[in-house]
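Presented below are the structures under discussion, each in the form of C-alpha cells.
Look for chain A in each of the two complexes below; its partner is chain B in the first and chain C in the second.
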Partner chain A sequence: MKKTIRDTTVADRLLFVLLIAAAVAGLFISREAMSQSNDVIVEINGSPAYTFPLTTDRTFTVQGALWETVIEIKGRKVRIKEAHCPNRICVREGWVSKGAIICLPNRVVVVVGGTGRSGKDIDAVTG
Partner chain B sequence: MMLLQDKYRIAVLAAYALALHGFEGLLPMPIPWLRLGLANIITLVALMLYGFRTAITVTLIRVIIASIFTGTFLGPAFILSFGGGVAGTAAMGLALLIGRNVFGPVGLSLIGALFHNAGQLVLAYFLFIQRIEAVLIISPVLILIGTLTGVTNGVISDLLIKNLTRPDEDAAVFPTTGPSTE
Partner chain C sequence: MNFRTTYSAFLAVLGLCLISSCFMHREATYKKTKELMDTFVTVTVVSDSAEKGNEAIEKAFATIGKFGALVNFFSDESEVSNINRNAGVMPVKVSPETLEVIDKAVFVAAKSGGAFDPTIGPVMKLWDFHNNIKASADDIKKGLRLVDYRNIIIDREKSTVFLRHKGMMLDPGGIAKGYAADLAVKTLKEQGIRAGVVAAAGDIRTFGARPDGKPWNIGIKNPRPVKGSTNDILAVIGLGDKAISTSGDYERFFIEDGQRYHHILDPKTGYPAGGCRSVTIITGRGVFTDAFSTAVFVLGPEKGLKLAQDEEMEALIVDVNGKIFMTPGLKEKLKFEKND
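After this line comes the complex of A and B, so read on.
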C-alpha cells in the first residue's frame, strides 16, 4: 500500500488533484445554478395564472385587473415592458433575474424563482 | 490469430471480472446507480500485463454476459454499461500508448473511471435524457465519486500487478506466458 502510493507517477498525482478540483468547482457551480429557478410565474389577482420557463426568450401580454401588461423574458431575465399605470413603477424596475416585480394597481405579480410566494409562509398576522 | 493460451487467459480474466461485477451488484449502495467499478481492476490488470486487445475483449465479454445474467441485454442499462466499458477501456489503452511511464495504474484507473462516466453520460444524454442541465448537474458528482473509486481500484490493481509479476513467486494466478508480458 505504502509502496503503491510511493510508486505513483507525477502525472497520476496531478490527474488526481485536477479531477478533485474540477469536481469540487463543478459542485459549487451547479449548486449556484440550481438555486436559480428556471420559472417565471405570473400571478394575477393573487393567484398564479401563467408559468413560463426563464430559459426561453419571449414577449407576452397578460390581462390584469385593469389593463394589459406586456412582459418580456430575455437572457434569463424578466421585465415588464409595457404597462398603462400612471407611475410605471413596474416598468422602471427593469430587468430582474431573482425576486419579483409587482404592479399593484393592475394586481399583476411577476415572480422569478418561484420561492417568492408559496401562499403558506405567513410572516406575521396583525389586527 | 489468437493463441490458445490467449483464449484461456481471456476466459480466466473475464470470469474474475464477472465475479467482481456480480459481487458489486450485491453490495447495498446509498445511491442505486452508484457503482464501484471493481471489474475495472481486471480490465486494468489485463491491459497492463497483456495489452489492449485482451483488455477490451475481457470488458466486452464481461458487459455482455453480465447483462444476459441480469436480463438487461440490449436494454438501456446494457447500452450505458457497454458504452462506459468501451470508453473507459479505450481511454486507458490510449493513455498507456502515450507512454508506459507517464501514468501508473492509479492514473490509468482514474482515466478509466472518468471516461467510463463520460461515455455513459454522453450516451444517456443522446439516447435518454436530452437535458443538458441534468448532465451538467450530475457531472461533478460523477467525477468526484469516480475519482475516489478510481484511486481505490488503481491501488488494488497496482498491488495485484506487483504480486502477479513478482519474479520469485511461482504461484501466478494467470498464466504469464505471452508476448507483452513484462
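After this line comes the complex of A and C, so read on.
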C-alpha cells in the first residue's frame, strides 16, 4: 500500500485531488439544479402566469379562462382545492408533489417540479 | 521530466479552472411571487447564492408593499385617500414617492392632452365591470365635471398635493404599479443584484441579462387568443434595461348587446375608449410605460402611435379590428408567435 502511494507521480496525485474536487463540485451543482425545480408554476391559457415556491404553504386564487380556481400548496404538495367546472377532475386529482394538474375547461395548468408544460422560454408576460 | 512538469502544470491549471468555474460563477435565477397592490408581483433575480437572491427579493417585496400602502386608493389609511378626503379643503403633505408618482401622472396627462387622467376616479366609480353595471349618461356627465388633471396642485418645496375641487378623486391605479416596479429594481440594485425582472402584473421592469447571457424574454399577450389554442402570446421580445406595460380591453370588461364595455375609460367622454384592443409600450421606466400605455390606448392607433414616437418610446398597438400598428424600431425586435 505504502509502495503504491510512493510510486505515484505528482501528476497522479494532482489527478486524484482533481477528481475529488470534481465530485464535490458535482454535489453543489446538482443541489443548485434541484433548487430550481422547487417551484409551483401556474400556467393560464398556455403561458406561465405565476410562480410560487413549493416550500411555502399558501392558498391562493387565480383567474382562469372561465372562472376562478383555488390552488393550495401545503407540505411541499399542491392541489386544486376549488374549481367550478362540472366534472371537477382537477380537484379529484388531489395532492401532487411532481407532475401537473390540468384543468382543461378553465385552461389552468399547475406544474410542480418541472419546467412547465408549454416549455416556452418566456421570463414574464405583459398584458 | 520536462513532460511530467508540463503535464502537472496543465492538470493544476485545469483543476483550478474547474473549481473556480464551479464555485465562483454559479449564477442562477431565483423567482418568487407575492400578492401586493391587489395583484401578483413576481420578482426574478440572477444571483450566485440562493440566500442572497431570496433576501434581495424579499427586500424588493417590502419596497413595493410600503409604496403600495401609501398610494392605495381603497384604504382609508393611505396618503392618496388623505388627499381625496381633503379635496377642495387643503393641501396634504405626502412622502417623496407619492409626490413623484403624482407628479409623473400629471406629466403624462399633460403630454397626452388628458387622454390619461389620474382624476378619472369620480367617473370610474360609476362603472361596475364585475357586476356588469353600466354608468348612466346623467351620472357620467356630472362626474366628468370633476375630471381634470390640471386641478391637481403640486407643491414640490412643501411636498404637498391639493385637489382644487371638492369631490375630486385622485386614483394612481394607472401608474402606481409601473412606478412600484421601478422602485423594486432600485432596491434590487442596492442589494448588489446585477440582473432581474420585476413584474407587477403586466407592468414589467427588466435589467441586466439572464445567466445564459441572453436578454429577458417577455411575452406580450394576444388580446383575442384563437379559440381552442393553448397559446395566448402574440409576440415575444428580448429586453435588457427596459420597462414594458400593456393596457388591454380584455382585463376587466363585460359584453352587453354585442358591445364590449371595458375598464379603460376616455376621460373626455367617460365611456370606454373605442380605438384599440391592446397597447404595449416599451421605454426606460415603468412609471412611463404604465401610464402611456393607457394614454395611447385612449388616443387610438394613429394619434397614439404619434405620441409614442414623439416621446421616443416603442409601441405595439392592436386596433379594434385586430390590425397591428408599431413603431419602426420594434419591427426587428418582435418575434410574432404562430397562433393556431
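What we mean here is this: the second predicted complex is superposed on the first by the 83 of 127 C-alpha atoms of A that agree within 3 Å, B and C clash if a C-alpha of one lies under 4 Å from a C-alpha of the other, contacts with A are read in each partner's own complex, and residues count from 1 in each chain.
We take it that a residue touches a chain if its C-beta (ideal position, glycine included) is under 8 Å from a C-beta of that chain, and two chains touch if they have at least 3 such contacts.
All values derive from a computational prediction rather than experimental measurement.
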Touching partner for A:A11 - first (chain B), second (chain C), both, neither: both
Touched partner set for A:N45, first chain B, second chain C, both or neither: second
Touched partner set for A:I20, first chain B, second chain C, both or neither: first
Contacts of A:L104 with chain B and chain C, given as first, second, both or neither: neither
Chain B versus chain C, judged by how many residues of chain A each one touches: C
Touching both chain B and chain C, residues of chain A: 9, 11, 15, 22, 25, 29
Residues of chain A touching chain C in the complex: 9-11, 14-15, 17-18, 21-22, 25, 28-29, 32, 35-36, 39, 44-47, 49-53, 60, 107, 118, 120-127
Chain C to chain A touching residues, read off their complex: 4, 7-8, 11-12, 14-15, 18-19, 22-23, 26, 28-29, 31-33, 35, 40, 42, 44, 50, 197, 199, 202-204, 206, 210, 216-221, 223, 225, 229-233, 236, 244-246, 248, 278, 280
Chain B-facing residues of chain A, complex: 1, 3-5, 7-9, 11-12, 15-16, 19-20, 22-27, 29-30, 33-34
Chain A contact footprint on chain B (complex, rising order): 101-107, 110-111, 114, 133, 136-137, 139-141, 143-144, 146-147, 150-151, 154-155, 158-159, 162
